[in-house]
């Protein structure tokens, strides 16, 4: 059973008062997420990431298509008991303290008394909220609210968590902490579905990703697969390169780019068509020493930009 | 320097504001024509607009009615005719048909002759009849209508009839039955009148009602005293062949003793053979009596 | 039943929020002050002071209650949606219906507590009044100062306030606070003119208009029925049947509005 599954999920909005026209927020998105995965849902601003998440949370209703979580239709009470959700730019209740908020949410799950308090306390520790937990939420900074948001998403030890921009508002230390938290969740067997436009996080955490642009799914698959086929060259780093050897390499036409890394240390970018061993052999014969030979992959960013630019659909039905 | 300036400025400005207010109080205000204004005259309209606040609005109009009466009596208003009294009482009782005190007030004071009232017993009767439509079994209203007939119209038969009917209603005081009988038998007689006011004095708790009852009793005493003094003067004239020149002469001759003053302390006047109350006496005007000029 | 517990949890959350709301404190404090001041105002009424304290107390409870019901009611749902705190709440095991009913009960509880506070202050002033006048003055009153019968009027006022809250909540599920306040207060005013709608035909020539007015008389909430303030001040008898049927009318109308609110709210997209 998939943790998450959508079939042709579509959402149209009617825009305009006098002659309403449909606006395609999401069009025919089908994806599946296996249990225990960390799944990255990527896309530029306005692509439909938040729309998809809201459809999965049943905060909005689909125009057509279906969505299931853990084999049950979204919005079912049984589903809500087993998932957690962090909205984008979370806002809670000004007058409550962080502790009280978590205890309130815990009581909605049926926890009571000492267990409720312990649960709230433990979660706040885990997200790094210390003595501030007694302050009213109106006094919290964006970063602190983000942490509270993550804590409340985990209050029921969910099997599947949905994070909308989990790193938003956090400083580098905070991002690192949350990254580690996501990995801990994965290690516990939790499925993590998060949307982001920070590709570095996706690269570091996800096993699979999907990319949406302008309401349509443009790519999905395992990260390793997406990037594996995209090796487009090699980077050869050598030291003790004599100027003669350098000149020779440049003239040979086999090197795309030469980057000086220090006194007589250089990085050569070699295209796929050229066998790097040959160049290496020539350089070592000239007295150079190998430092490293690494394949040049396309970054996720390159892939992303290419996919998104290539999306040709437009939204209106005219 | 700065730190002193602000409090000093505040004190100066406050003092000026207070001073100006005091000046206004002493007579700089607009002419009193302003307070003769009633924005809403129709009781029905007012009842509609009051949106469940009838009782409290009735209280407000009641307060206003009492103040208008008091101010007019004390000469503080421009309009000396008590013109607003009936409309205000009418509005009060339309908003709250059970407001007994307002009916009683109207019965007493609407019928009073100027300068103590507008002299409109017909308005008093209209008001009371309206009250009876809402509360046909209220003995106090019967008593009040009886009053109006007694004092203003001197229709003792009608008054006795109202008292009798009132005495048969629940809550009616025990003296109402005998009062009806006395009224029928000796209506206009001071004895019946005194009985009424003494009973009222004992049975009501509102200050203004008790004061009024007290005043009426004093009026009756004054009328008795006037009769006595007139007889004394006539006796003097018969014996001496001329009218007394002053009270002092009568005192010296032994016809009277003590201060010749009415129950409020205002001296009686003697002009020829006519004895009368001092024009400034609060007991004026005296109630009408059969057989009196 | 867990549904009941969920509703209670949401209700207590609303109650806690209102208890921490300074505006509410000021309103209630003002009401209590007014009760105390009514003692002084009573001096103006030429002997009717007990009546005015009773009248003023009932009017204050009704008015402040109305303000609380409307101004908190219109924001109950709207604020959560606008500020987006609803996103994290609705993804907890809580149906939209439980959310609405919970919010309503929370405000109802707040109203009830506020009314109790005002009633206590009011009876304190009445008691003081009764204690400070001589016995014969007390004997002349139509009804005792601290007449418990007046609580019947307070009871109906409370039902009326709960109905106003339900109306405000209904509008709050789909329109902005400004519009909601206008519509709610508008319905309250019309509900007091109900009797006039019935008599429209004698005022207007068109049969269609009279028919429409007659229909509206039956459909729109009849608030004037909840007003027995004048009767309790004079300790007049009020049939228990009247109290029961009026309260029942209120409860049924409230249920109608809650069902409608849940229906509207369940279909909403939270963009």
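As written, the chain order gives the labels A, B and C, with residue 1 at the start of each chain.
Heads up, the rule we're going with is that a contact is a pair of C-beta atoms (placed from the backbone, for glycine too) under 8 Å apart; a residue touches a chain by one contact, two chains touch by 3 or more.
As the structure is a prediction and not an experimental result, all values here were calculated from the model.
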item	value
Most central chain, judged by mean C-alpha position against the global CA mean	C
Far-end chain from chain B, centres as C-alpha averages	A
Computed distance of Cα centres, chain B from chain A, in Å	91
Chain A and chain C: spacing of chain centres that average the CA atoms, whole Å	51
Whole-Å separation of chain centres (CA-atom averages), chain B against chain C	43
Residues of chain A that touch chain C when the two form their complex	13, 54, 57-61, 77, 80-81, 83-87, 89-93, 95-96, 104-105, 107-110, 149, 152-153
Chain C - residues contacting chain A, complex	2, 5-6, 9, 13, 16-17, 20-21, 83-85, 87-95, 267, 269-271
Contact footprint of chain B on chain C as seen in their complex	44-48, 51-52, 55-56, 58-59, 62, 136-137, 140, 189, 192-193, 196, 223-224, 227, 229-230, 233-234, 236
In the complex with chain C, residue positions of chain B that touch it	48, 51-56, 58-59, 62-63, 66-67, 96, 98, 101, 105, 204-209
